[in-house]
Amino acid sequence: MRGRDLRLLMAVLVAVLVAALAVTMAGCTPAQQTETQGEGTTQGEPIKIGAIVSLTGTYAGLGDPEKKAIEMEVDRINKAGGINGRQIEVIFEDDGTDETKAVAAVSKLIEQDKVVAIIGATGTGPTMAVRGDVDRAQIPQVSMAGGTVITETFDDLVFQTPWSNKIVMPYLLKYMKDHDITKIGVISDSGGFGKDALAVLQKSAPGAGVEIASSQTFNPGDTDFTAQLTKVKDSGANALVIATAGKEASAIAKAAKDLNIGMPVYGTHGNARTEFIEGAGDAAEGFRFPAGKILLPETYGTDTEAYKVATDFVNRYTAANGKAPDTFAGHAYDAINLIAEAAKRAQGDLTPAALRDEIEKTAGWVGIGGTFTFSPEDHNGLSENDIVMYEVKDGKWVLAPEN
Amino acid sequence: MEALAQFIVAGLKSGAIYALLALGFTIVYASTGAINFAQGEFFMLGGVIGVWLLSLGMPIPLAVLGAIVLTAAIGVVFEILAVRPIEGGDPLRIIMVTIGGSVLLRQLALHAFGPDELTFPAFTRGPSIRLLGAAIERQTVWIWGLTLLAVLALAAMYRYTGFGKAMRATSIRSEAARLVGIDAAGMVTASFGLSAALGAMAGLVVAPLTQTAFNVGSAIGLKGFAAAILGGLGNPVAAVGGGLILGVLESLTAGYIDPLYKDAVALVVLLLVLFIRPQGLFGGAAREKV
Amino acid sequence: MSERLLELRGVRAGYGHVEVLHGIDLAVDEGEVFAILGANGAGKSTLLKAIVGLVPVSAGEVVLRGATLRRQKPERLVRDGVALVPEGRWLFGPMTVAENLELGAACLPTAGKKQACQDALARVRRLFPVLAERERQPAATLSGGEQQMLAIGRALMSRPRLLLLDEPSLGLAPKVIAEIFGVIDELRRDGVTIVLVEQDAMLALKHADRGAVMRTGEVVLDGTSAELLADDSVRTIYLGSWPGEEGESA
């Protein structure tokens, strides 16, 4: 009797799991196919690159455009003949925004697929979690996550394409100071992005002449922010800074308006998404956030190389996906192209070590996030010149006044 | 004083949402003796289906109604396919199946509606209402109004309609219900449909404030579960009481202690209640008392 | 001779892998009271449950008015006029007496339901006047005797042609037992066929036309009440409580 019950239970569980897996796989299959349809001469093996992205979990909204951008770029490079006659093959793994899964994914990519480089991960947590395996295998890793810690805790194998908080937060503070804001209230999430942003803010604020009058946190998934906003309001701050890349940002902006906190609201490059503006609705009006120039390529100046690169990317991505790219797609574009460009320059055998050295030698390369110049000390490669302040107006982001 | 009023408004807002979810847990518990861990996914489905219906050009009231009906239908199909085949209705196995089902529903939603957060517009636009120095968003008024309506409708159904009485009878003793000609299996199916509808409603009324996405279900589902346990899983009134108390408790903790501790404090209170009053705050853990 | 209402042919049934009924043959005629006697654990309750389908029949057949039932379910059978008053009554305790009675009529066809419901209610009120006084009271607060009356009353609300009664006298005072058996007699006069399970053989056979004696899942003897009463083996072996101990059960 019991044995039968257990077997039935197992059968039901297995059936459900298989169904869930099947659905997940359905989304991944096209990505895992070898991308070697180009007509270029294929001399030798394809260059295998592993990509760890978050297609499920909290950061699914970020991993999805990243994967699309990488696929598009690989396709373009291969159709144009590949890298020195070799095709690129990118093997995608979904980390589900989960550190454990990211570690499992990286060891599969290293041991089974024998990739020469890793792109990823989407989030800061998984990016840091795979570092041990990357170090053991001695292959280069290019992360698409924004955490300062990624390149701050230096590892000569690890690079990072987004603007790190170390560039963004001082820029934000300076802008606020220039607009007579000297006391701010911060609401940050208790996850990786919020912690990182808060730490950098706390470190840079005194130097910038800005005081953090109130610092509040929330847990991802929270739906009510009355307590935090009330405290910020009572702290005498002149402005509110929302430091999260999560979807809660729009609810916070809305609640700030509804509670009538009576101060301007600032965000970060983590809010550079149309979903944020849609979600916050009227409350997004006047919201300011610093982010890369890619959001409005004309800020580069229409006769610049950067403008050409950016518009070309935006046009191709929009044509392929029916939707303009967000900044996360841009970080992925930069990651795959930084590796491809380095591979092109490498002489002789394309070993992971040679690839790493060439990536580090990148200088003045114009990508989507800005102009990258790596050095043995700087693996982020971007500067304040690559970001500007935006403001939401009539449901769209425009250049904020007095940049 | 003003701050206190504001915290209580916030707590009653979250609390009403928890109450709707707790009602769903209570209803399924009454008919099966099991906890439906897919309840949070019904919350999620209500919101994302609502956004989808809006995108097809439906006006808000129709999209809300349509999303509730469709989610209820999904609840019904889920029960027929996954729960009904369980021999003897063993609660432990029903729990397992609903855990698996929640993963499945989440994945299906991810592929059907995408990974991005989705926006549902406010039911009615306009500035917040001021009361005792507290600001109340219009949507919060909707949340309270619809929750009250749902609770009253549910209570009336249980008390006055043949269908409601048949559901109560089935939860008291399903074999006895069968002896008087009630389709007891059908009542279990109906209980899933009903709790899915309530979950969907919660997901819809809160979506204009927080946005929705394929992954919003599990966290809020746990809150609803905690509220149901706090109330005692006994009857609709207990579920609503548990939800409101949990919401206010969280809000006061966030306001006067630290927002980061609100989940912890809620958990501690929950454990204390379970320790001192295992049957929940509002008496009868007896599932007889729907 | 009157018509055959219910017939069991080689019925086997049990719980899980344990077979309790090992091939039961029985026939109940329209309009009679048929007693089923036997010691504790003989399988009497299981037999009634098997007839309505609460316990699955694994072999043999149950024939109702000439038609063989397949995979019968209680919710179907009550529509076909077969109602069971189970041992232990199974009332909806937290619900009121009125609600219990109303639920008893849940199976009536929608067409003409209101009238049929009123007629049935009138009959129950007439048979059990005490219930009429207790209608607003939760069933669980009734006395044992009143509960048994409510259980029978609830079954009567479905206007059954065949009533299966499982130990209606269990745990009740003689006066209440007499009242209940008076109702049984009256129902018989109304033309309701009754299968009556009883431990108290003397009492049962006094009110029954025919009966059967069960032992460990088998029918060991059947016949008219007079025949059974006359059977020595019946007296000594299976009907141990007799004679003259009717008051014991109080």
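Going in written order, the chains are labelled A, B and C, and every chain counts its residues from 1.
Assume a contact is a pair of C-beta atoms (placed from the backbone, for glycine too) under 8 Å apart; a residue touches a chain by one contact, two chains touch by 3 or more.
From a predicted model like this one, the values you see are computed outputs, not experimental measurements.
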**OP:** From chain A, count the fewest steps through touching chains until chain B is reached.
**Re:** 1
Original post:
Which chain has its C-alpha centroid at the greatest distance from the C-alpha centroid of chain A?
Top reply: C
**OP:** Between chain A and chain B, tell me the centre distance in angstrom, where each centre is the average of that chain's C-alpha atoms.
**Re:** 34
Subject >> chain A and chain C: spacing of chain centres that average the CA atoms, whole Å >> reply: 73
Original post:
In angstrom, rounded to a whole number, how far apart do the mean CA points of chain B and chain C lie?
Top reply: 43
Subject >> In the complex, chain C residues that touch chain B >> reply: 52, 54, 73-75, 78-79, 83-84, 86, 90-95, 99, 102-107, 154-155, 157-158
**OP:** Over in the complex, which chain B residues touch chain C? Could you list them?
**Re:** 162, 165-166, 168-169, 172-173, 175-184, 288-289
Subject >> Footprint of chain A on chain B - complex, ascending >> reply: 3, 6-7, 9-10, 13-14, 17, 82, 86-87, 90, 93, 96-97, 100-101, 103-104, 107-108, 110-111, 114-119, 121-122, 128, 135, 137, 206, 209-211, 213-216, 219-220, 250-251, 254-255, 259-260, 262-263
Original post:
Mind pulling up the chain A residues that touch chain B in the complex?
Top reply: 5, 8-9, 12-13, 16-17, 19-20, 23-24, 26-27, 55-58, 60-61, 63-64, 190, 216-219, 221-228, 230-231, 234, 247-248, 250-251, 254-255, 258-260, 273, 275, 278-279, 281
